[in-house]
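After this come two complexes, each holding chain A, first together with chain B and then together with chain C.
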Partner chain A sequence: MTAETRETKGQAALREQLKRNLSDAIVEMEVEEAERIAKEITAQGLFQMNLLETSVAAGMAVASRLYEEGEYFIPELLSCADAAEAATEIFRPYMLGEKPAPKGCVVIGSVEGDTHDIGKNIVALVIEAGGYEVHDLGRDVPASVFADAVEAHHPDAVALASLMTTSMGHMADVVQELTRRGTRSSCKIIIGGKPVSTSFAKKIGADYYAPGAGEAVRLLDDICSRRS
Partner chain B sequence: MPDIYFKEQDQHVQAAEGTTILQAARDAGIIVESPCDGVGTCGKCKVQVEGPEGSFLSEEAHFQMPPELTAQGYVLACHTKVYGDITVIAPNTASQNKTLKILSEGESFSYSIDPYIKKVYAAPKDKTFILAGKQKVGEEDGDTTDKFYGLAIDIGTTTLVTALIDMNTGEEIDSLSALNPQSLHAQDVITRIHMASKEEGLKLLYEAIRDEFNNTIDELCKRNHIESKYIYEAIYSGNTTMIHLATRTNPEPLGQFPYTAVIKGGNTVSAAELHMSPFGNIYLPPIISAYVGPDITSGVLAAQLEKKKGTTLFIDIGTNGEMILAQDGRLAGTSTAAGPAFEGMNITCGMRAGDGALELYQVQEDGTPKTHVIGDVEATGICGSGLLDIVGELVRVGVIGKSGRLVKPERGKYSDVLKPNMKEKDGKPVFYVSKNVYITQGDVRQVQLAKGAIRAGVEMLMTALGVSPETVDCVEIAGSFGYHLRESSLINQGMLPEAFRGKVKFVGNTSKSGAKAFLLNQGVRTYMEQLVGEIKDVELSQDPKFQDVFVKALTF
Partner chain C sequence: MSDTMTGRERLLKALKGEPTDRPSVISACQYATYELMDAVGASWPEAHRDAELMATLSGKGGAEVIGLDAIRAPYCQTIEAEALGAKIKSGGKTHIPSIAEHPYKVDDVPEFPDDFLTRGRVPVAVKAVSLMKEKYGDQVLVMGGIGGPFSIANSLIGITPFLKAMFKTPDKIQPFLEMGYQAALTFGKAYIEAGADAIVIEDMMASLDMISPKNYRQLAQPYEKKLIADLGVPVILHICGKLDKVMLDIADTGCAGISVESAVNIPAAKAAYKEKGIRLPIIGDISPSGVLLNGTPDEIKDAVHDALARGVDIISPGCAAAPSTPLANLKAMVEGAKDA
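Right after this comes the complex of A and B.
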């Protein structure tokens, strides 16, 4: 008999309740409450790996949706992420065994010459909440570093950010560097940021332009479903 | 070769197949307003096109043309290529920009008249010598010492203010404001840097501003009965990028990390291309950093910041919020990218401060709004100061919540008089501030980003000098834009800390008044060249704390 079936109905119901409470606390940006609920879950011996997806990620998914709908703005979304992170920290020592498999892998960064990264951080957050493994290379990232990361992580997609017309030209450098190293066809390239567009993506040989974080997740879902 | 007929300008232009309408217009000297320099984000270059099928082709751009405009034949000039004969209806911009409201006065201090350029009459030879420093640079026949003029020019990203100064008396004879013509090609600083990184772009921007300077000089001379050959020196005071462009210097390094200036300032350059004396020159005040330019150096000088006792914060609120914090002679400076929202750009009903712009918005005690529109006409849009007023007031009365959300009438605690103004447009809430003018949720977000950037800069600068907001004695807001603001709207929306209430003073165009001091007193040049080296440059983009401070500053 497995541990799950030995569990009393009461315990299962309590877990369901706490799972919902944790998800709500994340959506409501209550960092301390999220931490408290996570502690209660572990103290009661109710932790299961799937809580990461059904509670923490589910809460972030709601937050991402509210952000996309305009209900939440940057501070709210980041506070939700803080709450999610606080809960995950509590769970970390208990996170043994199989992690839920990510839907796919993404390398993201602001291109060379651009030190703006708040928008890129938001996109990374929303993609991660969407169930993807994210490797964030930071900002002012040279083309060679993107290419190295592609070789190291074999991502499904590379997401490039630029906020300035003066740095968006460096997005083309990344496309060229991947082509030069023969890894261009191994992944899709998505670009985003204020000055870029679908026609700019076409011009530099990138695959997609995502006007926002939500659109980026939808593109990734599409890319990864076609792959499998 | 396709023929493009620009109807409003009554001009035929030949262009190679595949040329964009914008490029063809530029090549022919026709101005189609293109604030984003043809990147396709701003949508301001829309023109109406008539022509047979296949004679033109529009590519997809970031900006989405509303379907009703597409139906009327509107396209983006920057993303539409020409393949056959067409007719283009593009508005004549020249007439629209005449009513701009620009402030040209600024705080100043007293100094003696001792200019770098001097005129000395040598009686034995009956000639007048022109000296620069102590060196003779030219001579004129007869005694011309009474005809001795100079120019103090504030080169704003959007507006130019030129003062004609009598260098014998120090008197400002006249002053003229004009739109910076570069803004018609590229609105913000970054777009201009991008454009000028290529030789043809630099040439276009340089020649546009040079021609505007010459027009201004001609006009000033004409209406004051002065000959332009008696103008000997001009001071260029403006942000670092503007100084690069006005001296035809490629600004490329300013546009990319680590953001460095090619020009350092504190020197003179030739004025051969300006309508001035053949012996004339241009002085460039010293630059503090890539994004804290000579306009701020002029401001520091005019406001005498380093001499002030106690703690003074000096801010120029504009597309870039440039600021200096002075504490008993110690100075630190920084700048923060506020974006073009304060100039009415990227705002649904945004416009420049011309006729029809709502510039004041106040909710009175009975809940009814009081407004003022420039030109006393029906409001057609919102200018920067009006936007800040609207947001500040709506936050105060609860129409805008702490997170920046427009609060729906059924959930709002604000006065019933205001509730009917909250309507829906395409399923999203919008708030009407006059019959036809409204703000959207997206507009509020733009203001949040802009004011958050300024507030974050203020906070980081105070941290750098270990100053708390309570100990700041005086806050000086410079810039022609700043002058139209009210303290309450800045503090209500949290652009400035609550502790600054009652301490805010609007000092006007100190870029110009400082430039005047540089023109009339050579001593302040060496003094400021040295002082600039002592100003601590606080670089925000490299500070890991910036994001947290900025995000915190986004809420109201």
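Right after this comes the complex of A and C.
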């Protein structure tokens, strides 16, 4: 009898329990506990690919909701991400060849002039946890580098972040650079960050403004479901 | 109605809560814009590293062209980090300098350099303040800008490592906070020596967009408070973002004025201050990425009137002005205060 073919009710129940525990450990920022539960899951032969979504990503989704509600702040969210990453590391050897196709592809970065990448990092994490292939270009990224990445990866969307009123003007440069190179219509442009807004997105010719990570994922789901 | 007070008199009275001829208008954070650079013939990037140009752009630009009641230098928050070893990337003509490489890792033990005041752009900003004081000191308030200890500490190791360490091993960030405090105090004292009437502390990383009220109270506020006491001149404290939960803690720092964005519920803060007998003027909250950047001069005048109606005591952009802000819009803030 193998674990894959004939799973007992007890094992299924145990998996359910561990799945919830792992999700809770991520929300509670317990890195060691998340790692321990992930090890228990693999040691018991209970790993399934969908745990990444139903447990790890689900925990991060709760964490980002708590952030949007003002319950969690960035240090808390970073610690949740550490716990999620610790669990994913344990699962990684068991994930080979099984990974489901990503829902879509996203290029993300903080625009030139902005070296604050914290918000962008959070959004990148949540988008990746949401099932997207993410190419993170980092911080202080020139328009030409965004344009190069669009040509290299053919993303569904480009996500631009700026935390500063003094650098948000560079978002317009990215839109113009894509237009100049003829790739503007190949992808949607989403902007985010404290100083920007829907009206600013409109003004510079971007497609959307996302006030937070959760909204960015909802927009991407919408963009990718309307594709094809 | 024409002005009967100098900007200096008006702002000093406004900071004390005394009556003025009309509402005072300043820009607590940076106000250099492309059109302002053209108007006075001093531009980025040269103005970041040349005291004369910095004094022209900030002094002539602020006092003569825009008509602000206070003038300030510099334009960015990277000067302390540069002097403490950060590698800086020029922002060119269009943007402010940024940090390319942080000087420390979390596990390092930083040591504050004796020659801080001679490093990087520190002497440029100090000299610019003395030039501005000489030329405009009898007309407007001259202010030197420094980072808050919490924000400087962030810039020494980078936001993500800093915030992670703050959460897990708070002992490790104490030396960086101490160093941030020393840098801010040393820089601030040098401005005062050079003639600054007031200091602006920009503590953008101490925002509740970043950290919890508990962390603000434990790690940011005590250093702000100590710094303000040790500077011994009026201090305007600027923090970005939502601050509703810590507005009383901010008042407790002893600052002469708090500069905020429109994310703050100003009527609620005013009511809480009144109840506690706190007379701290609130400075703000014209949206630098909204109406100030995109609105018409008439819309900006309306925004000024609206801010005054909500209890704002001194008009200012809510944060740094975007460099592409039209000059007419900055002037409209002053016009809005004149016909208020």
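Everything below uses one rule, namely that the second predicted complex is superposed on the first by the 222 of 228 C-alpha atoms of A that agree within 3 Å, B and C clash if a C-alpha of one lies under 4 Å from a C-alpha of the other, contacts with A are read in each partner's own complex, and residues count from 1 in each chain.
Definition applied: a residue touches a chain if its C-beta (ideal position, glycine included) is under 8 Å from a C-beta of that chain, and two chains touch if they have at least 3 such contacts.
Because the structure is predicted, anything quoted here is derived from the model rather than measured.
Residue contacts after overlaying the shared chain place A:T198 against chain B, while chain C stays out of touching range.
With both structures placed on the common chain, the touch criterion links A:G113 to chain B and to chain C.
Applying the stated contact rule after C-alpha superposition, one finds that A:L78 touches each of chain B and chain C.
When the two complexes are overlaid on their common chain A, residue A:N121 makes contact with chain B and with chain C alike.
In the superposition on chain A, A:T166 makes contact with both chain B and chain C.
Applying the stated touch rule to the two superposed structures, the overlap between the chain B and chain C interfaces on chain A comprises residues 70, 73-76, 78, 112-118, 121, 140, 164-167, 194-197, 199.
Of all residues in chain C, only 30, 75-76, 89, 91, 94-96, 98-100, 159-160, 163-164, 166-168, 208-212, 215, 240-242, 288-290, 293-294, 319-324 touch chain A in the complex they form. Only residues 29, 70, 73-76, 78-79, 82, 112-118, 121, 140, 164-170, 194-197, 199-200, 203 of chain A touch chain C when the two sit together in their complex. If you check the complex, the residues on chain B that touch chain A are 36-37, 39-41, 59-62, 79, 190-191, 193-194, 197, 252, 255-257, 403-405, 428, 441-442, 445, 448, 541-542, 547, 550-552, 554-555.
Within the complex, the chain A residues that touch chain B are 70-76, 78, 112-118, 121, 140, 164-167, 194-199, 211.
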